[in-house]
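What follows is a short report on a single structure.
Order of writing sets the chain letters: A, B, C, D, E and F. Residues in each chain are counted from 1.
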Amino acid sequence: MSRSNGRNGDELRPMKLTAGVNKYAEGSVFIEVGETKVICTATVEERVPPFMKGQGKGWVTAEYSMLPRATHSRNQREAARGKLTGRTMEIQRLIGRALRSVVNLQALGERTITLDCDVIQADGGTRTTSITGSFVALAIAVNKIATQHKLPVFPITDFLASVSVGVVGEKALLDLNYEEDSKAKVDMNLVMTGSGKYVELQGTGEESPFDRNELDQLLSLGEQGILQMIERQKEVLGPIADKIGAGRTGAGA
Amino acid sequence: MSRSNGRNGDELRPMKLTAGVNKYAEGSVFIEVGETKVICTATVEERVPPFMKGQGKGWVTAEYSMLPRATHSRNQREAARGKLTGRTMEIQRLIGRALRSVVNLQALGERTITLDCDVIQADGGTRTTSITGSFVALAIAVNKIATQHKLPVFPITDFLASVSVGVVGEKALLDLNYEEDSKAKVDMNLVMTGSGKYVELQGTGEESPFDRNELDQLLSLGEQGILQMIERQKEVLGPIADKIGAGRTGAGA
Amino acid sequence: MSRSNGRNGDELRPMKLTAGVNKYAEGSVFIEVGETKVICTATVEERVPPFMKGQGKGWVTAEYSMLPRATHSRNQREAARGKLTGRTMEIQRLIGRALRSVVNLQALGERTITLDCDVIQADGGTRTTSITGSFVALAIAVNKIATQHKLPVFPITDFLASVSVGVVGEKALLDLNYEEDSKAKVDMNLVMTGSGKYVELQGTGEESPFDRNELDQLLSLGEQGILQMIERQKEVLGPIADKIGAGRTGAGA
Amino acid sequence: MSRSNGRNGDELRPMKLTAGVNKYAEGSVFIEVGETKVICTATVEERVPPFMKGQGKGWVTAEYSMLPRATHSRNQREAARGKLTGRTMEIQRLIGRALRSVVNLQALGERTITLDCDVIQADGGTRTTSITGSFVALAIAVNKIATQHKLPVFPITDFLASVSVGVVGEKALLDLNYEEDSKAKVDMNLVMTGSGKYVELQGTGEESPFDRNELDQLLSLGEQGILQMIERQKEVLGPIADKIGAGRTGAGA
Amino acid sequence: MSRSNGRNGDELRPMKLTAGVNKYAEGSVFIEVGETKVICTATVEERVPPFMKGQGKGWVTAEYSMLPRATHSRNQREAARGKLTGRTMEIQRLIGRALRSVVNLQALGERTITLDCDVIQADGGTRTTSITGSFVALAIAVNKIATQHKLPVFPITDFLASVSVGVVGEKALLDLNYEEDSKAKVDMNLVMTGSGKYVELQGTGEESPFDRNELDQLLSLGEQGILQMIERQKEVLGPIADKIGAGRTGAGA
Amino acid sequence: MSRSNGRNGDELRPMKLTAGVNKYAEGSVFIEVGETKVICTATVEERVPPFMKGQGKGWVTAEYSMLPRATHSRNQREAARGKLTGRTMEIQRLIGRALRSVVNLQALGERTITLDCDVIQADGGTRTTSITGSFVALAIAVNKIATQHKLPVFPITDFLASVSVGVVGEKALLDLNYEEDSKAKVDMNLVMTGSGKYVELQGTGEESPFDRNELDQLLSLGEQGILQMIERQKEVLGPIADKIGAGRTGAGA
């Protein structure tokens, strides 16, 4: 099967990371994965949410939103509807959980980092793109904290990126765009660390349940895609990349 | 490691299904899995949501809620808060998606079945228990429709059940209760069909990323647990069980 | 007039009280009055709402909800609508007010007891059934507090139960089921104490105003029904029943 | 006991009804009962709510609100809070139900009358004052409809007014002001027709349950107060008063 | 062009100010401008909003609402809709901002004055009428504070009133009623001080952009109207009027 | 006074318009005015809101939002708060009204154009920048409609841009950035057409009322700024610019 844009089944879309796109945020990146475009900013605040108070630990959380015309037809703003959709809540919980898995919250100290992922244009994979981009914004912000407060341990324990995989027709594909995603019988989002471990794995076969063999194929496709993405994160992070994982003890503890 | 209730690592909690607990609902079941107790009712309505109109197909959806004192300490009602939590939305989307995967919506015709899962008491695994119980309520309701409307094809294409698995300490465990769940480093919910295929697979290693080997162990544990659960569903469904899968063409199409 | 279930006009429906149905709640009861079924739990919290702070007194409040399929056709969840209906608010205010009338808040001390009344199945009289059941859950919870904190005075000053009465056709009936209630020209809810005093009395003749004579008949019917109900409460409460009313000074003061 | 304003226990506060205070509304009245002041307007719309469609009958409903500074200290607006309080819902349901009891909805035809009761200043009895005032605004509006559409039967079947009674100290009092109301052990709102029948009767003894004897006293006090109020309604309604009750068949049917 | 009510183009509608209409509020006025009628109350509270804390300064804010039947057809209550309209928010922000411009917040001390403007009947110019009336209620309330707390400086620095002007047909008109307003091509609201300075100036030519010449005409019309209004404020304020402007230093600073 | 960025008092900030930044929207532009950056998209839908139905005319409306970290410190999302702030509502009403003033709604036909203005980074003047940018997105979208549907008259009647002016210290300044805006005693937003007429004029002197002379200065400053902005709009619009104003009859009628 030839993919709409001439890609091979195991090929990522072109990916571009531009750091420092917001002059106020402690960390920011503009990530483009094919035609999917997301602004990720990291905001540092010197306080933690009520349920974390007094534990000497920090917190990392995320919010996600799409501009109304990020998609083919215009979507009503959630602010106008007066509430978040279930889809948005699910995605922002996922992003926050994924990022926390590679942050040593103890080492971070009592501060909160909020990642805002605003989708400017959507062509499939907005949640995985948000995770991959947010990790870079997070690392930049954490580096600022680590430098300014002379933290003894760098609080990020590993790299982290995310990609979607799926079965379209009978073929397993990496990094689905919108057109492919809407035809997929099986759809899976993977979040992995730089050391190749799973952080999140969400597979759905609403249209067609899948067997162990298909699962194995999808996991392998995803793994190699994520490792490529992490190479791009390293490039844009430069010297910050070298600090990641130095303090890899008690991540998230 | 000995489990709190003397179970082996690969052992399910005692499970009890009581059908017909609601005199109004088209299908109903009271499911008890250990100390987790959920009332599942299936309501049939002769209309579909706006986005499904005119396609000649039916719809299956779910709602989930916990009574305020289902848990150790009392939770505020979502009706009093004025909105659903992200957790609730995530769970009810999951239940609906899972059930739709084994329903031939074409064969169902233009009607909606709503599964209400109300957790009376929670001791871990409320979402998986809701899926396992809902399937039974759904089958009873679908059987009523099939009989009354003389449907040519029975619209349920396969059995469906769900269980949680996780890594506690260094050990993979089946069917975690609340105490185990809160100590788990890796937590995974599996939804599978009677023919052993995956419908949903959601694994999270927020506390500690996991490798391929751990994943394989968890998948095997879950599979055998689900197949046992499906045996119990067959018992309570009696003759209805025999109709399931007869129309296994174009499920969810 | 013969009633649908062969009852006499002055006869209660069969009533069953099952205590201890929830393993977490400080008090719980499952009450069945005919086909109306309600789970009542009492939660004790060692704090009072802001408007009661610093008065050395406790508080008793209630919440009420119906499962979506408690009735013939499915009702939308109030959590999904984003707000409580006027009917729900009216009922939960009534339950709280009624229970407070037999609690010596001073003797209770600075703690809050919340009664949750969740209607599993509705066949008329859900608010009166909630009051009758809640009283039992409350008494069990208060007994736990009294024992644990060695309260000098038992904070419940009297028994309390509730029943509906109404005029259907030309006949005054006790304890209306749904079918009777929907045909009633006059509808009245009574809440009375064990010593036969009125706590709440809400009569409505929207369909047909009623005269003093009809009122007198309804009050007498209700009184004898409530006294029977209180006998059942005593049975299920056992030794706790003997403590009620011992501290009957300054109830609710 | 001498009452704060020199009234006898069975004496109403001074009551003033001014009709026609709003130039747009189909009926309007400004009612003053002592220092309690309410603007009541009746709006006629040539449609009925969805649940009444196609029955050939009309509908009467009410809304109630207090200006923020109607009371000693300022209350937050319900519009600013984003929702109605339970108290407001309870009151507006009561007003609507009470008025419908004296309207022949069949004779009214498929139209809705909405009574808006806006409390300008509150000194006790705002719900009863709203009912008494609304009845006058309703009668004026109905008269306009009856004249304009040449209705064969005048759709109002009887007069209707409302008053509060209560037990303060050991004494039963008529028409409580705020100060008396806040000291009352028993508090009762009565709504009666011109022919002396009960439409609504809501008594509460949260502070102190009451017996049959006290109830009888309160009912007698209230009845004579309401009959006086109806005399004042007749004066302000003039010739419209003579039409009321002419069509007294099937009220509310 | 002869105006509907025989007014000249530069003529105000009859204006009436009645002070002291609310027995609880620290300041109150009932303002009638033609058929537009607004109750304005000023509430004093001895605290400031969170963002003003600890600055030793006071705050003045406003809320605005229309009774549902203030207009030709009935409007849904904002409390029933569950949120304020954009129009209401815009108006109450304008009223608050305008009043603050003539209050020396430092001299007021750490207290908040809330102006509630409730429109009883609307016939054009409700926002300008609210400002003109609120100023009087504010002055009465401030005078009470100044007297009671012996403030060294009277905190109101100047008079303040407001009027609308507009272009209807080709003619500039002062103080538009509803009929004129709905035909106006250009619509402008002016708020000015007693010393003839602009506080707010909001002109809109949605139907037809306007040039500098038309603008100048409108500004002159408005100025003379406002100065007349201020004369009426002085009359109703009596001796309080003489205190205004005495402390005219650092207004709003 | 030398301005922070070396500008003269009557000098605009550097302004850049990039068209076509969104691949789905019918019109889109990225506008940068100094450090203020806004994405404007125009969405065309072949329907009108209910209140416009059946009039044979179109509608133009706008929505406005700021990304949470568009500003120095992070703002809570309005979607998370569950409602729009008054500021947002005021701004989006202004943008819609301003744009409609230069659209011949009759010529547009029964379709709606929604302008979404999403502020990526804010440094003062976000509402004026949104108007100036939206006009370009609107013109591109209208051109698509005019071409595709062969409209006989081009529905845009004139150019439109907007700028802020203000008094800082004693000096009138053009195009204030955030720092200047927060020190301004007088703040005015102007919207003007290409033919130099006023569409909106909103001046506020909350900190210090202003006189006619200051007003005149501000108006002159603003006018020349807007005319420069319109030159830049013409450049980016290219041949579309020539069509604007061709159908200048009955604008907005």
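Throughout what follows, contacts are C-beta pairs under 8 Å (C-beta built on N, C-alpha and C of every residue); 3 or more make two chains touch, one makes a residue touch a chain.
Protein names from UniProt, one per chain: A, B, C, D, E, F = Ribonuclease PH.
Keep in mind the model is a prediction, meaning the values are calculated, not measured.
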item: Contact-richer chain pair [B-C vs C-D]; value: C-D
item: Option reproducing the contacts of E-F, where over half of them reappear, out of D-E, A-F or C-D; value: C-D
item: Distance from the mean Cα position of chain B (Ribonuclease PH) to that of chain A (Ribonuclease PH), given in whole angstrom; value: 29
item: Distance from the mean Cα position of chain F (Ribonuclease PH) to that of chain D (Ribonuclease PH), given in whole angstrom; value: 52
item: Distance between the centres, which are taken as Cα means, of chain D (Ribonuclease PH) and chain A (Ribonuclease PH), whole angstrom; value: 60
item: Where chain B (Ribonuclease PH) touches two or more other chains at once, by residue number; value: 82-84
item: Touch-based graph of the chains, sorted into line, ring, star, complete or other; value: ring
item: Sequence of touching chains round the ring, chain A (Ribonuclease PH) onward through chain F (Ribonuclease PH); value: A, F, E, D, C, B
item: Partner chain B (Ribonuclease PH), residues of chain A (Ribonuclease PH) touching it in the complex; value: 83-87, 89-90, 92-93, 97-98, 100-101, 158, 188, 192-193, 195-212, 215, 219, 251-253
item: Of all residues in chain E (Ribonuclease PH), those that touch chain D (Ribonuclease PH) in their complex; value: 22-25, 28, 35, 39, 41, 43, 45, 63, 65, 67-74, 77-84, 88, 114, 116, 118, 120-121
